[in-house]
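The following pair of complexes shares a single chain, chain A, combined with chain B in the former and chain C in the latter.
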Partner chain A sequence: MAVNTSAMLKKPVKKRFILTNNWIGYLFVAPLILGLLVFHLYPVIRSFMMSLENTNGVTGTFIGFDNYRWILRDSMFWSSIYNTVYMAVLSLIFNVALSFLLAAMINSIAKARGVFKSIFFIPNVVSVIATSILFTFLFYPTKAGVVNSILTMLGIQPVEWFSGISTSRLTVCIMGAWRMIGYYIIIFMAGLQSVSKEMYEAADVDGVNEYQRLMHITIPSIRPIFAFVIIMDTIASMRRFSDVYMVGGTSGSPGGTLVTTVMYIYRNAFTGTQMGVASAAAFVLFLIILLLSYLNITFVNRPNDR
Partner chain B sequence: MQSYKRKKKFRNMLIISILILVSLTMLIPFWWMITTSLDWAAVTRVPFPPRFWPKEFSWQAYRVTFANIPMVMYMVNTLTVITGMIIASASSALLAGYSLSKIRFRGSKLVLFASLCVLMIPFETTMIPQFLLFNQLGLTNTYWAFWLPGISYVMGTFFTKQYMDSLPDALRESARLDGANEMRVFWQIYLPLCGPVVATLVILLFLYGWNDFLWPLLILNDSKKFTVQIGVAMFTYQSGLKQMPAIRMALAVVSVLPILVLYLFLQRFIVESIATSGIKQ
Partner chain C sequence: MKRALAMILTVLLLLAPLMGVSADEKKVVRVLLAGWDLNDGIDPVTAAPFKGFLTWWAENFTNEHPDIEVQINAIPWDTAQQKQQAELMAGNVDVLYTGSYVSQYYEMGLLRNIDDLLANDTEYNPLELFPEGIWNSAYNLVTSDGNRYALPAVMGQRYTVYDTTLFDQWGVEYLSEYPTTQEIIEKAKQMTGINPVTGEQNYGAWFYLPAPMDIFTFVAWSYAYDITGGIGTTEDPANIQWELNDEKMVQLFTDFGELVKCTPPGFLTGTGNEYYATEDNNVAIFLDQNGGNIMSQYYQTGETAMLDRYKASMNVGPNGEGWVAVDPIVMAANPQDVDAAWTVMKALASPARQEYHYSEFRWTPAVKDYSFLNPADIHTPYALKIADSAHYTLIDESNPFFTTEIVPLVNRYCSDVLSGKTVDIQAMLDELQAKAVAWSASQK
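Up next, the complex of A and B:
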């Protein structure tokens, strides 16, 4: 019996050996793994180590959790968190609401869907840098600005936009919405097209109105897409840097309202050479984004598979 | 029934008008950017009242831009960065994706899981140690700082794996049992079938590479090495953000034009890539 089985297995074993050719498999993923180790795993560990040191990046002394204590008492750190979250909430409202409404509209018309999708996406290929330059003129703080002159025509006082302490963050979010809405529209539309037609037909037979259709069929059907967009947008907001760098510089002007968490990290690391403090803040950012990503995975059920 | 149809038609018209209106709003900034760049009257200050047609039509702003800012050099630099990055990232992602999908060696699940974990690490957390690493290696101000990290392209690996999963395993099995080695199976059988995924990777990497800002800001401080974004940002920075509208707009137009042209030609493809990828770096 034993001889018999091994004889029977002989060919399959050889076949399996050829097909699960382990070492070639490892060779093919070697570049990826090398990259993961050198450019992701090692830097995260180093980042944590540096956050426990008083260091300029070259030499350092171990100081335990002092850097964390320092940033938690640093009002600049807290205001950077405040600014970041403030802009995250605003951009959630703009980006998610507008892109969903527009996607639903585009999806409900019979023709020219592709055209609208393509038009709304155009701003997304424009760099943040060029967008910032353009928008500082469109939202110019005096009457000469394009937006302000439209407001003046409507009888509204000119707004300071990027230059006003109370409006600078809002303006950055408006600019962000212009760039990002088209991107989220594409994602929402991919979801909307997967909602079953039968449900809409059944609803039509039952004579439900637009609002009921939206609330009871469309939104529940694409709930995972909503979660995905919300979390992606929040993560993007937590990582906000380039636009505030262009508009407000490293001082986050006006009045430090545009200092985001990443700007705080950048300032400490590269203008102040406080690498330890910067690393502590970077590690806090890591934990926040880790939590958001975890929520993404648990709530969203891999929207890519749609 | 008649009124229902009419109502539906009216609703359709209303939605289309709203969409057209919003589209125009989205496009106005581009129009203002182009007309202002061609308006020599807007060279020193913002035109008042705002206009959407040049008052003194002239290409002068572009001449000034090209005379003062080496945009062509920045573009060549950017293309150099992107080309190397595409080669490193795409080949690593394709090889790894093939291996994870078809060879399924012992531990491939673990590699997938580890990659997924790495996706959650924001670049902003690792940028300081990465910068110090390249600094120690003496590779700041070189493009190696962009090419080397390219080998860990996790998203690309996932796309490739997903795509390869949809190709039959039988191709590999029969080729392997006929004595073809793994590299040949990958190169001659599967890679030619991977056109769509390769195109997606190239598009996503190109968009990313052209517009990337923070990493080049850390790595490049020799102005001869600047990419387009850094060059534009530094010039804007040094000469004051709100000065000289016409020249600023000319600069913005030049920096945006290549990617806009690319988009106009490939828009259906790009939109599709974004929709299938869902995530854009």
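Up next, the complex of A and C:
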């Protein structure tokens, strides 16, 4: 067999990071890169710099990591972390479980799937503000409220819902589930429809029941979808602000139970003009979300399933 | 073609002096107003037409000042703080009407001090125009060390409103003109329970709790207990000598807790007052309230039933004062033309402009002479009397520690009281005091 020795003797071409003969391509992506640098990267860097200053956002003095020390010793910050995680876990249970079950039910019917998908998705297009106002009336704490009036008819005492310290977070999560499950149903349905039918046919031949189909075929097949939904819901929950602001204001009434970490950041930044403290809290939140996302990817979407 | 063009240009040049003051000679003032209706329209409640601000401005300012070109823009209140701050930082605006965060703009160096303008304008006497209380001490107009940067434009109404029908049904004497906190607590307790006449559940008191920056009622009650929060100013937070855990504070929280027990369900999230200013009202006393709903019904129908039913009295401070909100007119740090901007600023804050907004939109004027008020408006005079003796302390939304620590603390305390939890007030305030001292130390 002839061997091209001249090619073997040629010096390898050193790969340059930027190939100058591709300048047209760089020109096309330049606006996007510039936009990312200016509107994403620069604010992140500037925010980190502010977290090292005692600043109102315009003028400030460098104080090193004092803002981080302040928030890590602030019981209100840890209380906001607790509230955020509490509602994140509740949301995860409601949103992921409910949306998967509903998606599986819709997927099992032959007709009118589109109708059901639309019905469940409609709340997702309603604004958070409108939803919060609506739910404030639905969940009014006396029997004048819609939900409480139904409970009263069933012989159950009215529940405080948003006004109760023990029920406020649960109610916010119920409100959030109403808005979000439609979106996750769409995602789960896409995953369910991609599961191979041959596997179900083989299972039928082996005499597998519905529960076994679900646990041993359906769920393992759409594990990446679960990972995605869990990550998305976790990130959204860690950034919760609009709904709790509408219900309880910046004080997180009742009893500070609705003060999330983003609320803590907002309160320090815009009502207290303590931009340095707010920026430090934002960075700590960023690290927490990063860690949770890594854990989600590692444990939910394990390498041997990829 | 060229000849025709040359002739047209020549004619235009000859006619230019006849067109009045040219654009080059006009001084330009850029104005940004938050929440103002610029164009004529129809009131959605009364269906009555209203005159937009631009119409009023053309009638009252433009003709008198042909040498000033005022470029007016309005933005909604939603995100006004961020938008106005961006415009100030970009140098795109000269004069603004803004909200309660104006003191933050001043601290950031975005606004111009107007002491020199006032000193040089010998014909302009603010004390003849505006209530003395707010002129001398409203943090939205002047810093605690006397640097003035704003003129008052619109005021908030916060006084006590009570339902005489409920008082009659319960057989309770009406509130005095200057009710004390003890009087309010006693009467609120008497009227919390089942109404002896209607058999309906009644509640003694209501006030708005989950405010973003303030708890107005708590601030007013701090005046009643002669509480200042400490010695010092918000401009020098590092050297404030905090007084947040003394006997007066303990008494304030104790009595405030008694008041909170008389509130309806939903109070913690700002609801429970849905029947205010209606026949079905079930709350006897509304603290730090205003007569807006009541007056709207009167303007809409001409009926005086609600006016007769809902009476007002002063707030709980020693002279009947409570917290007074003032939205001001301010000047950017570097306006294009200072003199023109000052002229516009005075016009926007003028009693004539405030009378216009009262007549068209029922905004509360911040003026000394309020003889133009509708005779049926028995509520606004209370707000103006309160403004005359207004004063401000560290228990105030201009104080970052108040908004970030004290307001949430009061909220949590109210929640704990309503959930039946026993609160060690002294321990709670000792912790607050320690936190305040640490906060001041971190400001050095």
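The rule is short, and it goes like this: the second predicted complex is superposed on the first by the 270 of 306 C-alpha atoms of A that agree within 3 Å, B and C clash if a C-alpha of one lies under 4 Å from a C-alpha of the other, contacts with A are read in each partner's own complex, and residues count from 1 in each chain.
The criterion applied here is as follows: a contact is a pair of C-beta atoms (placed from the backbone, for glycine too) under 8 Å apart; a residue touches a chain by one contact, two chains touch by 3 or more.
Note that the coordinates shown come from a computational prediction; the quantities given were computed from them, not determined experimentally.
K.L.:
First (chain B), second (chain C), both or neither: which does A:S279 touch?
P.N.:
first
K.L.:
Which holds for A:M76: it touches chain B only (first), chain C only (second), both, or neither?
P.N.:
In the superposition, A:M76 contacts chain C only.
K.L.:
When the two structures are overlaid on chain A, which partner does A:E160 contact: first (chain B), second (chain C), both, or neither?
P.N.:
Touch status of A:E160: second partner only.
K.L.:
Which chain, chain B or chain C, is in touch with more residues of chain A?
P.N.:
The partner making contact with more of chain A's residues is B.
K.L.:
Touch test for A:S251: chain B only (first), chain C only (second), both, or neither?
P.N.:
Second partner only, chain C.
K.L.:
In the superposed arrangement, which partner chain does A:G57 touch: chain B (first), chain C (second), both, or neither?
P.N.:
In the superposed model, A:G57 contacts both chain B and chain C.
K.L.:
With both complexes overlaid on chain A, does A:L32 touch chain B (first), chain C (second), both or neither?
P.N.:
The answer is first: A:L32 touches chain B but not chain C.
K.L.:
Classify the contacts of A:A190 with the two partner chains as first (chain B alone), second (chain C alone), both, or neither.
P.N.:
first
K.L.:
Once the structures are superposed on A, label A:P220 by its partner contacts, choosing first (chain B), second (chain C), both or neither.
P.N.:
neither
K.L.:
Could you list which residues of chain A make contact with chain B in one structure and with chain C in the other?
P.N.:
57, 136, 140, 142, 247, 249, 270.
K.L.:
Using the touch definition from the top, list the residues of chain A that touch chain C in their complex.
P.N.:
54, 56-59, 63, 66, 70, 76, 136, 140-142, 160, 162-165, 247-257, 259, 267-268, 270-274
K.L.:
Which part of chain C faces chain A closely enough to touch in the complex?
P.N.:
81, 85, 89, 101, 104, 107-110, 209-213, 264-271, 397, 400-401, 403-405, 407-408, 410-412, 415-416, 418-419, 442-443
K.L.:
Which bits of chain B are touching chain A when the two form their complex?
P.N.:
On the chain B side, the touching residues are 12, 15-16, 18-19, 22-23, 26-27, 29-30, 32-33, 36, 45-50, 91-93, 95-96, 98-100, 103-108, 111, 114-115, 118-130, 132-133, 135, 148-154, 157-158, 162, 172-173, 176-177, 182-183, 186, 207, 210-211, 213-214, 217-218, 228-229, 232-233, 236-237, 241-242, 245, 248-249, 251-252, 255-256, 259-260, 262-263, 267-268, 270-271, 274-280.
K.L.:
Which of the residues in chain A end up touching chain B in this complex?
P.N.:
15, 18-22, 24-26, 28-29, 31-36, 38-44, 46-47, 50, 57, 102, 105-106, 108-110, 112, 114, 116-123, 125-130, 133-138, 140, 142-146, 149, 178, 181-183, 186-187, 189-190, 228, 232, 235, 238-239, 241-242, 245-247, 249, 262, 265-266, 269-270, 275, 278-279, 282-283, 285-286, 289-290, 293-294, 303-304
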